[in-house]
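We just call them A, B, C and D in the order they show up, numbering each chain from 1.
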Amino acid sequence: MESSETYTSDEMMSIAAARQLRNNQICFIGIGLPSKAANLARRLHAPDLIMIYESGTIGAKPTRLPLSIGDGELGETADAIVSVPEIFNYLLQPGRIDIGFLGAAQIDKFANLNSTVIGDYRKPSVRLPGAGGAPEIAGASKRVIVMLRQSTKSFVEKLPFITSLGFGTGPHDRKKYGLTGSGPVMVITDLGLLEPDPNTKELVLTHLHPNIEVEKVIESTGWTLKVADELRITELPSKAELEAIRSLVSAGS
Amino acid sequence: MESSETYTSDEMMSIAAARQLRNNQICFIGIGLPSKAANLARRLHAPDLIMIYESGTIGAKPTRLPLSIGDGELGETADAIVSVPEIFNYLLQPGRIDIGFLGAAQIDKFANLNSTVIGDYRKPSVRLPGAGGAPEIAGASKRVIVMLRQSTKSFVEKLPFITSLGFGTGPHDRKKYGLTGSGPVMVITDLGLLEPDPNTKELVLTHLHPNIEVEKVIESTGWTLKVADELRITELPSKAELEAIRSLVSAGS
Amino acid sequence: MAEVVSLQDGIRHLLKDGDSVALEGFTHLIPMAAGHEIIRQRKRDLTLIRLTPDLISDQLIGMGCVSKLVFSWGGNPGVGSLHRFRDAVEHSWPQPLVIDEHSHAGLTNRYVAGASGLPFAVMRGYRGTGLDEFSTTVAPIICPFTGEELRAVAAVNPDLSVIHAQRADRKGNVQLWGITGIQKEAVLAGRKSLVTVEEIVDELDPRHGDVILPSWLVTAVAMVPGGSRPSYAAGYYQRDNDFYVAWDSISRDRDTFLAWIDENVL
Amino acid sequence: MAEVVSLQDGIRHLLKDGDSVALEGFTHLIPMAAGHEIIRQRKRDLTLIRLTPDLISDQLIGMGCVSKLVFSWGGNPGVGSLHRFRDAVEHSWPQPLVIDEHSHAGLTNRYVAGASGLPFAVMRGYRGTGLDEFSTTVAPIICPFTGEELRAVAAVNPDLSVIHAQRADRKGNVQLWGITGIQKEAVLAGRKSLVTVEEIVDELDPRHGDVILPSWLVTAVAMVPGGSRPSYAAGYYQRDNDFYVAWDSISRDRDTFLAWIDENVL
């Protein structure tokens, strides 16, 4: 199966992510890859996707891809702007968000996320930006979708720091820690899709993107990756999808 | 000393109360007598008195006396309207209010207030409206001024119910209960003014309104009223004060 | 997404006997018509939640719809007592009324906790008062950082929250402005919500000071012009202060009250 | 009542070495000019409090004004790392930087508690994360009604809170609109506050979605047109996204950074 057009692995990742979103869903959007995917979905099959950014905008309809989660166009096109306390306390915390859509620097096999440090917290080799809205998005959204590029540096056996809890050490930790949402349902990478095993909650490779070998995914994972018995192939990007993603102009450019 | 004009005891009370307010003070206004006195002060010596009503209006400048604390004109003339949570949590609770201005059905010698019930709480002979904003206004305002008509029914030895704490049982209770404001500084009645003794916090009659005998005040008090050594006479209502109070048109009329 | 319904259907489908129901509106935008519909549908055993139970609460209590009242100030603003409320508390007429009584700040924070998905909120207050003694939804709490004693108030999450607003669009987005009180928190604290509106329009053009409740936060919207009378709706009609004054004599006597309801509500 | 001052006098009189200072603005209305004035006045040993430390924080940290950072996301939005922040944390340049790190929700609630005159706020969060382990301003708290374990976050009350707004009137009433983030809470949590504004006008005509900070809640107002650049001020100028991108290379190298500050700030 060959695409009639060439595309990049990042385009494939964004398109695969956009496909997961449904019209009228309420999505809490992290900046970066999730924001791009959500805005792509809005241009394709989900024009009434309701995007919530942590800066306080509800239902923004930007024409360009925002560089920051507080860009002017988000405010100008929003159904409503509320304060940051309202976003977190009134909208996120009570479980009103359908999809929490997150990126991260690192992930482990239970879909816990690190965006804080590489190395020791008190003396890090790389200091990352930190948590932002992620911990509570991961905790309180009804479902969580994660996007990050797959490599042994990003898919690691043990996180140096848990910024946002996926499933902790297995199927019981979310309950133990009082998290109200059901946690990650999918991890979308540039190589394929991973989903938690319904019983163990360990991530399992369920889809390969077109032309990606399963060995490549296994090699790009810092733990012994489980692969689904029925490994499926992601549908190729359509002409419409590629046109839409290429017409997404960043506000910064 | 005779007034050139006649006036009612209620007018004297409102005028005496209005005189206690200073321009630019931030006043949290209870409905009824306090609202009338504050609006009178605005028309006299305190045009920039900042009135806060618990409905959420800040700096309202009504032309008529509001019937309710949420009258339309309060909203229309306010510097800002905020939500009720903001009024109580952001403005009152942190101690930003200079004067909490309260009425009540009953008061005791330590300026505790009852606006809840007459009789037993679980089987009251008279069910009053209840607390409203009063307990926290009494607790958190920098200073509290109370207005109520004086009689043995309203000035009682023991309250059936403490709705709002004045000084509890003496000088230490506000601290014990963690109240941040300094409590009542004056009780204004139709007969005179009472102020707490600086040491014991028991109310002492410090001013008689003109033509009121001290015996009348003592008889109208349900406990053995302390009288200041230097009992002073309230200044007579001026022509301007009487004109102003008579020009206050109620919104309900 | 909010469904646009008739008031009759909204109350019929969203409220059942025994439910807790918040009716909010602070002097302004009181959902009077919704209260009347509850009376007409003869709902029973309701827990009524309202900061300032006023005429509509008096009517619901007097008609025997309410077995429990959660409130913080039960009077006729600027006029005096609520006679039906008093009759219920003092003489159990037409039936006993259980009360859960708070200060405005306390009940406000109970809504805030409910809207925030928390089981309680923290505040300064209650200590040293009778309210602290009698309420089962207030409890001591100690600051883990300073050791200071404060008060926790239990979240309130009504089965149904009802408010009145100026407008909604056809998708069910709601817009209200003027004094908006505790209405946003009441709707967000409710397990379900019903918003009556003066009108349903194609587009909600911006109004200064407006509060927008996006359609996905509201269960149902019903168009009820004048649905707040004798309260008021800024931009639509004024408060009928005369009626508030008249209510004192209408409500003072049981028979006069029943006759008024019979003529004006049923 | 707020005093109208020059930016220079405002920073000089309201902020002293060793103070805690909040600079808030969520992408929009970031008080950049005030930050530059802090650099020019060579304030030292500050505790900088900011949800989203970005360019202005990078500059303050790189110039050695800050000994402690209280924050929840320290990056260049949409671009990448803050190199001066990283250099301070990773290599203690120009001096060690103590951090008190939170999630947005956590630091937001710390401001809410501070604005509310409470020693702490309650929230769901932190449990199971590294933030719970390392922060001394997060603690377990048990709901007295349900027994559920939640988290308390300590109030933050900056010695000075600085924000940028569109306008003030001559009495010092402040008006801001657009994305207003956590600014109201930051000002209310501050022991003192300084608001820089695009302009001072005779009358604040209503703007849709505006937040009004009455003069009596603000310590000082300073007129600083363009005071938010390269951030933006809705209604006045756009975000200079190119500069945010350019900052990555300006800030990556210590000498390039110092040269830029020398040329553009000092």
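General remarks:
Keep in mind that, in the parts below, a contact is a pair of C-beta atoms (placed from the backbone, for glycine too) under 8 Å apart; a residue touches a chain by one contact, two chains touch by 3 or more.
These numbers were taken from a predicted model, which means no experiment stands behind them.
Annotation of subunit A and subunit C: jointly contacted by D, touch as defined at the top.
If you average the CA atoms of subunit B and of subunit C, the two centres end up 28 Å from each other. Between subunit A and subunit B the centroid-to-centroid distance comes to 57 Å (mean Cα coordinates, whole Å). Centre-to-centre separation between subunit C and subunit D, using Cα means, comes to 38 Å. Each of residues 117-118, 123-124, 148, 150, 184-185, 209 in subunit C touches at least two other chains. Taken residue by residue, subunit A touches two or more other chains at 89, 93, 140, 180, whereas all remaining positions touch fewer. If the chains shown are joined wherever they touch, the resulting network has some other arrangement, not a path, ring, star or complete graph. Interchain contacts (touch definition given at top) occur between A-C, A-D, B-C, B-D, C-D.
Of all residues in subunit A, only 31-32, 54-57, 66-72, 74-76, 81, 83-85, 88-89, 92-93, 116, 121, 124-136, 139-140, 161-165, 168, 173, 176-180, 250-252 touch subunit D in the complex they form. In the complex of the two chains, the subunit B residues touching subunit D come out as 24, 26, 50, 58-59, 79-80, 89-90, 93-96, 140, 180.
Across the complex, subunit B is touched by residues 26-28, 51-52, 71-75, 77-79, 81-82, 85-86, 89-90, 101-105, 108-109, 111-112, 123-131, 134, 148-150, 178-182, 184-185, 209, 232, 234, 238-239, 241-242, 244-245 of subunit C. Across the complex, subunit A is touched by residues 1, 115-118, 173, 184-185, 188, 212, 214, 216-217 of subunit C. Of all residues in subunit D, those touching subunit C in their complex are 117-124, 137, 139-141, 143-146, 148, 150, 152, 154, 206-210.
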